[in-house]
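Presented sequentially are two complexes of chain A, the first with chain B as partner and the second with chain C.
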Partner chain A sequence: MGRKLTISCFRFNPNIPGDKPRMQDYELEEYEGMTLFVALNDIREKLDPTLMFDFVCRAAICGSCAMLIHGRPRLACKTMTRTLPSKFTVMPLPVFKLIGDLSVDTGTWFRDLQVRAEAWIHTNKKFDFNALEVRMENETAEKIYDPEQCIECGCCVANCITANIRPDFIGSTGINRVYRFLIDPRDERSDADYYDVIGNEDGTFGCVGLMACDDMCPKEIPLQENLAYVRRKMAAAGLKLKFQGVKIS
Partner chain B sequence: MSAKNTHISDVLVIGAGLAAERSAIECASAGLNVIILSLVPPRRSHSTAAQGGMQASLANVAMGKGDSPEIHFADTVKGSDWGCDQEVAKMFCETVPSMIRQLDYWGVPWNRVTAGKKKYASGIETEDTKDKEGLITARDFGGVAKWRCCYTSDGTGHTVQFVVDTQVCKLGIPVHDRMEAIALIHDGETCFGCVARNLRNGELNVYLAKSTIIGTGGAGRIYAASTNAVINEGTGGAIALATGVVPLGNMEAIQFHPTGMPPVYILMTEGARGDGGYLLDKNMHRFMPDYEPKKKELASRDVVSRRMVQHIRAGYGVTSKYSTQQHLWLDIRHLGRQWVWKNLREIATIATNFNGIDPAKELVPVIPTQHYTMGGIRTNKDGAVYGLQGLFAMGEAACWDLHGFNRLGGNSLAETVTAGFICGKQVAKYTLGQTRNFNMKMVDGFVKKEEERIKNLISGKNGRENAYEIRDAMGTAMMDHVHIFRTGKSLEQGVAKLQELYKRSLKIGLHSSGQGANPELAQALRMPGMVRTALCVAYGALMRTESRGSHFREDYPKRDDVNWLTRTLAYWKEGADLPTLNYEPVACPILPPGDRGYGEASAGPKGK
Partner chain C sequence: MELAKNLQTTINRSHGKTDLYVDLAQSISGVLLIGFLWMHMLFVATVVVSPELFNTLSEGLDRYYLAQVGIPATILLIIIHIFLALRRAPVRLRDMRITYRMAKMMNHYDTWVWVGQVVSALFVGVMASIHLWIILGAWPLRAATSAVRVASSGPADITWGAFTFPFFIVFYVIFLIAGEYHGGFGLYRILVKWGWWERHTMGWVLKGITVIIVGLGFAALYTFTQIAANLPAGGVIH
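Let's turn to the complex of A and B:
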């Protein structure tokens, strides 16, 4: 016999007139290898078909299922219930707009971020269908892959003090995204170009450096290092622009 | 229907995975106005889960020397067991190298060739020369003559989807995520768009366009156990089938991947075996060389999966705490800690997260698991869907027919972007020459029909059957009767069970209020279409009395080119409880049917 679990879920559906935020307890029996993916689906399919949450890959690859589990932002699909006490809470991620219950709108937030950070390769070269690829050191490719692994789950954002009070702050995921392009030799932007995009309080200078985001990342991206790199680069770019007499905000 | 819920564009793209987004880029670049809809934000599409890589004959790595589109073509046709469309395969193999390079240009951090002598865990020794250093490298994969699987560590799908999506962002193509297409709008001749349900608030929306592209991915979730994401329910194919005039091609061709990891059946990439991993039985014996002396663990997926089940049936399966059914072991310990945690990091993490196993020092439980839908919405080589003008399909949702009866590992990601490019161009060309007048009365009719369905589900007018129970019963029926080894008798039972479930699916009623973005309502709306899709698979399998690629009939174990060099076309007529099956010939203009070089037809000594 497994433990009896009591999962205390945040409930609120903004689309139902008169609905009010509340916590609702569900009881179910734990079994070997149970993840929160299994547990929440069991609740929905057997106890309460209205419960809203998001899963896609159920393999910690797609970033859909982040929520506050027992107070901490985590991916629900890879959280084993055995690592939790027999009674625990699940809440939607803060910062992001609530869709209903445990489901939040990370999609819109991240899209807005990609567009604002112009997070794509900027190059003046034209693609030639008949030419070989431009050579690159394997080491460089691996270095780019590291920050590229971000799955946009929002765990780091949820735990960030700045993001919780400043709605336009791009968060460590955003700064990490910029880092990914900064170190990519195919991107022809200068440091000053990047400075235009993130050399401000909603970008790298909004970060207060307390690293509440650092060990939140399920992909174990070294956020601390990457943030420091961007901040150094941008500080230097800012200084340079100042010396050149460019007025900066 | 209020006007605010109606969206008009030149091109409507249903889906935001790789195939869909790549085709959207092609259309937007031609100056067309494009809208994308998707169940989930693009970067959460199932394409991001692909680990292994993409096949393209770049011939940079030493073990790929001398590779060419012709050799890639031959591997693809043999892999398909001569079931594919050879013209499509040829065009694909010739185009895919430039697609890989374009992805590189857009920012995919492909792993590169490093010069020097190398000894692989598989015992192979090679030397990569200086002249190739820095070019895109490749790894080995099942069923191929040359190493041509290009990769980024083991997150290939992730990096490719993210990079393709950067181009969608750059072009400013609007993406309406959490928007599910639930019916196509058509007049029996032309498709005008779709009715969609907003998964944020439950409201219905109408999308009207000159061209509609379906890129909704696979239908793996009609099986209870699948490596597919939970959103892969085949709804794109189901809404096309529901028109009555569009056929699904070769639905019986379902791929089972040799290495799904129980208990949740997450995929362990083929890259693990490509990099030199072994399969072991309960006696720690490496059994694949007994069955397949030449290709060993790297015969094509259908063959390895069957050999594994055969070996388990012969009494060599493992019983362990990881699974309620017997399984086998994947052994990658000998690749070394550094290799495992660097080149196979994704699966190392998955094994650790979900089973507490460190594959650098422990064995990983594996079992053949539903993985890929070779069949799909039947199109011609331009991606134009049979039966309706202005409707196109691409990627796993389509039967362009690159894969025939078995897809080669690494050919699917490659297909998504290549089809998106080739067919996307054709969509653009078609759309530029079109004008449309939308008959709003007809459009309203389609909306009313969906409103009616929803109303009836909520009120329980047709019954109170439970959507989740029907889904589970369907998944189990597919596991029990339409799996790796098939027989006429068992398939008949499967079809009968599914017909019964289909009737019940028409009597579903909600057990909740159905208000707002209610998830039970979403499932209930999908169920009849999912059971219809499952019936296309089961009935197609029953009627195909031969074995070809992944479709293996124990009662008809041989490929039959005289009677079955055909493609199944399944239609659903209104009011029916079984699909109508037609067949079209499969031409082999370039490579005539022959021996695959692996598998039962060219079997080596039987297993011990």
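Let's turn to the complex of A and C:
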């Protein structure tokens, strides 16, 4: 027989007039290989159909199920309940707009980020439908793959004190996003163009270096490295430094 | 959050380099201060080797005007650093609450360390001012005067009957730990933000250095108490 789990869930629906934020306990039995995603679905099926939470892929790909689990932002679908104590709390991510209970709107925030970070390939090349695609060095492709794995779950925004107290800060995911284009040879933007986008306090120079993002990214993206690279690169661009032969970033 | 386009952000944008300069200046002020602090502690610790060495060094610094230039420069640097670094601290009550709540809930090591850095900064700020005031009030600086200041009972010590609260020893122990903690982890943060190195190894190296420096500081404080105990009754100067 599995453990008895007590999951203490944050409950609040801003759309119900007079509803008050509170914690509600649900008790259920744990079984082999149970993830929090499964547990929450069990609760909704058997105990309380009104509990709101998001999921789509249940395989750590869509980024919808991020929430504060036992105090830390994680993906519900990637969190095995056996790694948690038998009683723990579940809360919605901070920073993002609360839709209700455990569900938040990360979409609006990330949409705004894409626009502000100009997160698309800027190129003047005409696209030719008939030509073969230009090949990319394997090494470059692998380098890009690494920041590209971001699933926009918002964990690194929720656990960043800077993002919590400065609403305009683009967060680790934003800086990582720019990094992704910065190292992509297909993007024709100059360092000065990138500087215009994130060479400021809301961008790369706003990061305090708390590294919660680096420690808790569910995709294990090496955010410390990527953030420091962008910071050096942007500082060099701002100061118009060119070190011949010296690798500064 | 919304698209940040209003008069203020538009105007700020046209000062495109300021944010970079300020961020760089903050890190540079941090590096210079930690360089100063570690050198300072090494100099003070020469008293452990011999008071004569301490005096020779101190006289040398005076003779070549290194102290006369260095001290005002350091004070200026601290003031600049306070202005630059306080930008980052949670200053509104709302921000302090969020910071504390998140740090407590996540119980994340580096986040707690940063909270500790902001708190230790307040200690360092107040105590450095007191420290400088006292040092400059009894110039020049020699092993014997320092010993009296640190360890013999002075006007700041509080006596209840047979019990004396050794104000300055306690003061310097707290100051030493707060200063080294603040500076050591500050350097860690600078290297994390700018550097190439894996931060866990780097953290251990910096913790090692900090422990050594704090150890030197304790040794120096102990030596001062010994010197004070052997001074002729009545001491020299307060």
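What we mean here is this: the second predicted complex is superposed on the first by the 240 of 249 C-alpha atoms of A that agree within 3 Å, B and C clash if a C-alpha of one lies under 4 Å from a C-alpha of the other, contacts with A are read in each partner's own complex, and residues count from 1 in each chain.
Definition applied: a residue touches a chain if its C-beta (ideal position, glycine included) is under 8 Å from a C-beta of that chain, and two chains touch if they have at least 3 such contacts.
Every value quoted in this text rests on a predicted model; they were computed, and no experiment measured them.
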If chain A is used to align the two complexes, do chain B and chain C fit next to each other or clash?
fit
Applying the touch criterion given at the start, work out whether A:168 contacts chain B, chain C, both or neither, answering first, second, both or neither.
second
In the superposed arrangement, which partner chain does A:196 touch: chain B (first), chain C (second), both, or neither?
second
First, second, both or neither for A:115, with chain B first and chain C second:
both
So in the superposed three-chain picture, is A:23 touching just chain B, just chain C, both, or none of them (first/second/both/neither)?
neither
I'd like to know which partner A:63 touches here: chain B for first, chain C for second, both or neither.
first
Given the touch rule stated above, what does A:211 touch, chain B (first), chain C (second), both, or neither?
second
Can A:236 be said to touch chain B (first), chain C (second), both, or neither?
neither
Between chain B and chain C, what minimal C-alpha to C-alpha distance in angstrom results from the superposition?
14
Touching chain B in one complex and chain C in the other: list those residues of chain A.
108, 115
Chain C-touching residues of chain A, taken from the complex the two chains share:
68, 71-73, 94, 108-109, 112, 115-116, 159, 161, 164-165, 167-168, 195-196, 199-202, 205, 207-212, 214-216, 224-225, 227-228, 231-232, 234-235, 238-239
Of all residues in chain A, those that touch chain B in their complex
13-16, 32-33, 35, 37-38, 44-45, 48-52, 54-64, 78, 99-100, 105-108, 110-111, 114-115, 118-121, 123, 125, 127, 129-138, 140-142, 144-145, 148-149, 151-152, 181, 184, 186-187
Touching chain A in the complex: which residues of chain B?
40-41, 43-46, 48-49, 98, 100-102, 104-107, 109-114, 133-137, 152-153, 155, 158-159, 162, 165-167, 169-170, 172, 175, 177-178, 200-202, 229-231, 263-264, 266-267, 321-322, 346, 349-350, 353-355, 468, 510-513, 515-520
Contacts from chain C onto chain A in the complex sit at residues 1-4, 12-13, 16-17, 19-20, 22-24, 88, 90, 92, 94-95, 98-99, 102-103, 105-111, 114, 189-190, 192-196, 199
